[in-house]
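Structure incoming, see below.
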Amino acid sequence: MSFLTINGVSKSFGGLQALRDISFDVEQQEVVGLMGANGAGKTTLFSLIAGHSRPSLGSIHFKGRPIAALRPDHICRQGIARTFQIVRPFANMTVLDNVIVGALYGVRQERSTARAAASAMDILADLNLANRADDPASSLTLSGQKRLEIARALATGPELLMLDEVMAGLTATEVSELLDSIRRIKRRMSLTILMVEHVMQALMRLSDRVMVLHHGELIAQGKPQEIVADPKVIAAYLGPST
Amino acid sequence: MVDKLVGKLNALAVLNNNALGETHMLKKALLALAIGSGLLLPGTADAADPVKVGFAVAKTGLFAGAADGQIKIYELWKDQVNARGGLDVKGVKRPVELVYYDDQSDAGKVVQIYEKLITGDKVDLLLAPYGTSSHIAAAGVVERYKFPMVGNTAASVKLREIKPGNIWFTTGQMPDRLAVSLVELFKLKGIKSIALLANQLPFSLESKTYLVPALTKAGIEVKVSEEYPPSIKDMTAMLINVKQANPDAVVAFSFPSDSAIYLKQARELGIDAKFQFVEVGPTEAAFAKQFGEALNGIVTMGHWTPDNKQWTGARALFDSYVQKYNEPPSYLNAPLVYMSCQILEQAVAKVGLDRDAIRKTIATDTFDTVNGPVKFEGIENVGTPAGLLQIQGGNMTLIWPPSIATADFKPKPAWPAK
Amino acid sequence: MSTLFSGQLLFAALVVGSIYVLIALGLNLVFGTMRLLDAAHGDIVMLGAYTSFWLFTLSGMSPLLSMLVAGALSAGFGAAIYYGLFRRLLANTQLSQRLEGNSLLLFFGISIILQNVAALCFDTTPRAYTYLDGIIRFGNVAMTGNRIAVLIIAAVLCAAAFLFLRFHIYGLAIKALIQHRQAAAVVGVNIERIQLLSFAIGFGLAGLAGSLLSMTEQITPFMGFPFTVAGFVTVILGGLGNLTRGMAAGMFLGFVEIYGVALTSPSLHSVLIYGVFIVVLFLQSQGLLGRRPS
Amino acid sequence: MQPVPIRTSLIFVAVIGAASFLPQFGSEYVVAVALSFAMWVALAQSWTVLCGMTGYGSFGHAAFYGMGAYVQVLTWGTLSPWLSVPLAGLVSCLFALAAGYPALKVRGPYFVMLTFGLAEFLKFSIIGIEATLGQFSRLIIGAPSPNALYLAMLGLAAAATLITYVVSNSRFGYGLRAIREEEQAAETIGIPVARYKLTAFGLSAFIPGMVGAVMAMRLSYFEPSQAFDALISFNIVVMAMIGGSDDARGPLLGALFLIGLSELLWARAPQVYMIVLGALLVFFVLFAPQGLAKQLFGGARRRAT
């Protein structure tokens, strides 16, 4: 039994078929990258796994349990956390409070705010946000808000972390710093990661395996080096080659 | 300490009374100086020492529109008394000073204000707030402090549940008595069937509750009976039913805003019953301006007219009101309010400002007012009958009961077409 | 049952509905273009009514004429408070985060101010005058001249508004702005000017409606609030920001008010109106309109 | 939840203790003002539990107040008034839960209007019911003394303040604030959003129900159009708004400020008072949207250490 199993999942909105018969597995502690052009269905897939919408067809199992019918908060408590492509910080709360809330709920359901705060500080330190702990979340730069998004997700104590384009819009230095942070955290927390990314450098350096979505279908998967050489993938990205 | 602070605030808040003028301010200052230097013993009444009369008014909120006439009468009364040299306090004339606060039409504020007037401002006399709910709220306060107050703009059979002793009501229009008056007149005028419309507010519903059994007893058929909430904006559907039923009389137990709707649309639809009763509103100046001739023949409730020669001061009240405010007073509320002032004035003239004596006097004496003699039994004025007014040729006339009427009921003429 | 087919009832529904249409149109413009909830809209109606009342009483000016004055004054007032208050609100990112909620409170404050300034200036006595109240008959339907005037003028104004939005360059710009703010800016719509225009038109229509009402209703400083409520009910029925459906919804509400009562009982009047309001809000929340202010 | 700081709890106990002796040394009028202050504190605090924290603004809290008053007059004479008060709270709370279940799916300004609509709907329904029952207004004869009512109201204000304080500093409070900031994100980190909103709604209706029940005795008169007056809802919002903040300080400051202002102004110039009130509302929205609490105590900073 795999850690995360997606089996025959389809999703349509009205007449629009966003995902068509997607099946794949993710093993524990694996890092899987998900790529595809805009509108390929990556974010839809994330929403299905996180419980924001339900698949039209197919099933999703996490650690052997079906989760497709669960509400987002239940799924989070099973150990799945996600970030949003367009950041959604709790803008009027401090950076620290943003992360504390994550620790108070999620898998951990921490009862003591003091203990939640302590672990939140650790996570902030991991993401180089410790010195901004007392500032309002709205005062962070985009890079800061992306990291906060990750910190809040991590605070819930997930086993599976889903990152939705966390590198987008960052400078090269910021990208490489963030990559380091994620790798460090992954090791420390024994995380499994499913990430949507356009920044190829990130995909290449972090992923054990890369999957490619095209028009709602899974057209290729394999090691990062194989994928970038796959003619189907090149065709999908650059248009059909002659 | 808190008391002192609030005392100061109160002192600040007492309304400046411009009407009393500068000389009075000077006297007051001298008086204060005199008290301060121990020349005068506190508590000694001086002729210059004003009599403070306190009350709550609805300057804002739900009743603000309706309560305006009440304040105008209070002001008029004060001016008249002061023009006569002051309020006769057992032979000593003292100027009247009004102390009033806005109650925002909120019964909770009314309670607070009367407590403030009694304990903070230490007023000598109290006048009434506006409306039944405010009166009931104030009744609790005057009862606790044993402070006599004559109420005016309230009418409800519920008032009889209030413990009598410190509050009285000048109205003769208790809903049960109004019902009797209406049915008597119906019988006299040969009315066999009516249509009944009632706003779902307390007074109108009470009126309905007492009218229906009285009609049954008199053998008058109720052809249409409808109730509507206070927020009604259009009565077409109801009035079409009324027109089809073609009753001898229409009784609309309505409040000013819906009375206006009734008049507008009954005229439009041509409801031609010869007897059309509209409960609250037609006595107000705005109705005369809005409806003009169309008001002719409409019957409404009220037991006063300036034309009754037996009532001393009735015509004078009308004239002085018109002179001061440039519009006629409400035939319904103005006399009620003015009577309450007169009763207080006469009691004070007789026994001074002692509350026990005032209470005893009001409870037992008969008072001569602009609306005839007033006599209280319990909280209720039994000296004034439930009356009916009719607009005839643009004038408000008193048509019922015969004992005080100045004209006879005339069948309502057709609505003016213009 | 025959009551239901009475022309009288139809006429009543049309008159009530046409006033709602005018009021809701202004409310909708201000919301659609700026996402502002104008809780003082009924008070502009009140100011319009007083304008016509005083002009009639003091100089005998016909309300049919003075409605232009009332409309212009209200429009000017709208422009003034747009410049004075709302440009600031719209420009402040912190405030525009919860724009609808904040604007509701802001307008509520303005509403309190207007009501009490009116009470202070004109006192609270109900005012009224008589104008065009001759009765005109069409078959067995009787109506006063002023109500016919209300209906005709409202219909003309609605048609004008409809044509303006459909064909005039500014009207199209308003619609563009309602549909997509960023896109409108990109295609060169001067957003600020359009917002100013929406304020002026919205308030102007409310002032005009007030003038019309002054012929048939008693005027008090507090007369506006029920119209604000009716306006909101209408706008919610039609969908916030949806101008044409909002106009239809105003008529619909007029018909609910008249025929709903005729079919059931007058005692259910308000329960019916608020019932429709609640149900529509519930239904819309399930679908497109439950979006969170962003 | 974190332990309550000793200083805060001492101040709280001292203020409540001192206030409960007010009838002994203050005049009746002072007690009357204090009662109305306590009433607004209790109402505004309750409002804050739902609206300040979750951002779901209610313009319909008059419904809970009115329900409470209605329960009191209905049970008057059959039930001890002091039993009716908690019963009134319970009924209001149940009503909130029933209405909140569908209503809380509606967001933003739609929720604001919906709460207003629900309150008006309830008001007119009760007017209709009372008319059908042939009861057009109800009198309460023999109510407890004003001092007893004052103490009861003080207790409610204290309880409401305590609830807001506890909720604000609890895990539950964190959850509610997260819902206010970003509902979907809150759900994603494991907060049971629907249940939390409903709980907050129920909680915020409980005390207003009891306040209504006490005020019915104070006014000794019940009429639906007054007990359910929309003005009550508006006043609560204005107080909470001017007070600002999502913890127990805001409503206290808002109520204090407005009662003080009204004592100073309302009596001498009622319309001017209302105009100033409107102007203040405009001012606070534009220049101090986070209210007095933020102006006095700085940002919404809170460290849970």
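Observations, loosely collected:
In this document, chain identifiers A, B, C and D correspond to the written order of the chains, with residue numbering beginning at 1 in each.
To be clear about the criterion, contacts are C-beta pairs under 8 Å (C-beta built on N, C-alpha and C of every residue); 3 or more make two chains touch, one makes a residue touch a chain.
Source: prediction; values computed, not measured.
Common neighbours of subunit B and subunit D, by the contact definition above: C.
Across the assembly, the mean Cα position most removed from that of subunit D is the one of A. With centres taken as mean Cα positions, subunit B sits 74 Å from subunit A. Centroids of subunit C and subunit D (each the mean of its C-alpha atoms) stand 32 Å apart. Put simply, the C-alpha centre of subunit A and that of subunit C have 48 angstrom between them.
Averaged C-alpha coordinates give centres for subunit A and subunit D that are 42 Å from one another. Shown for subunit D are the residues that touch two or more other chains, namely 124, 127-128, 131, 271, 274.
In subunit A, the residues touching two or more other chains are 91. Among the residues of subunit B, those touching two or more other chains are numbered 59-60, 200, 227, 229, 231. Per the touch definition, subunit D reaches subunit B in the complex via residues 22, 25-30, 32-33, 36, 39, 124, 127-128, 130-131, 134, 136-137, 139, 141, 143, 146, 215, 218-221, 223, 225-226, 229, 231, 263-264, 266-268, 270-271, 273-274.
Within the complex formed with subunit D, the subunit A residues making contact are 50, 52, 71-73, 76-77, 81-82, 84, 88-94, 96-97, 100-102, 104-107, 109-114, 116-117, 134, 136, 152-153, 155-156. Within the complex formed with subunit A, the subunit D residues making contact are 1-2, 169-171, 174-175, 177-178, 181-182, 184-193, 299-305.
Looking at the complex, you find that subunit D touches subunit C at residues 55, 57, 102-103, 105-110, 112-114, 117-118, 120-121, 124-125, 127-128, 131, 183, 234, 237-238, 241, 271-272, 274-275, 277-282, 285-286, 289.
Of all residues in subunit C, only 37, 85, 88-89, 94-95, 98, 100-102, 104-106, 108-113, 115-117, 119-120, 229, 232-233, 236, 240, 267-268, 270-271, 274-275, 277-278, 281-282, 284-286, 289-293 touch subunit D in the complex they form.
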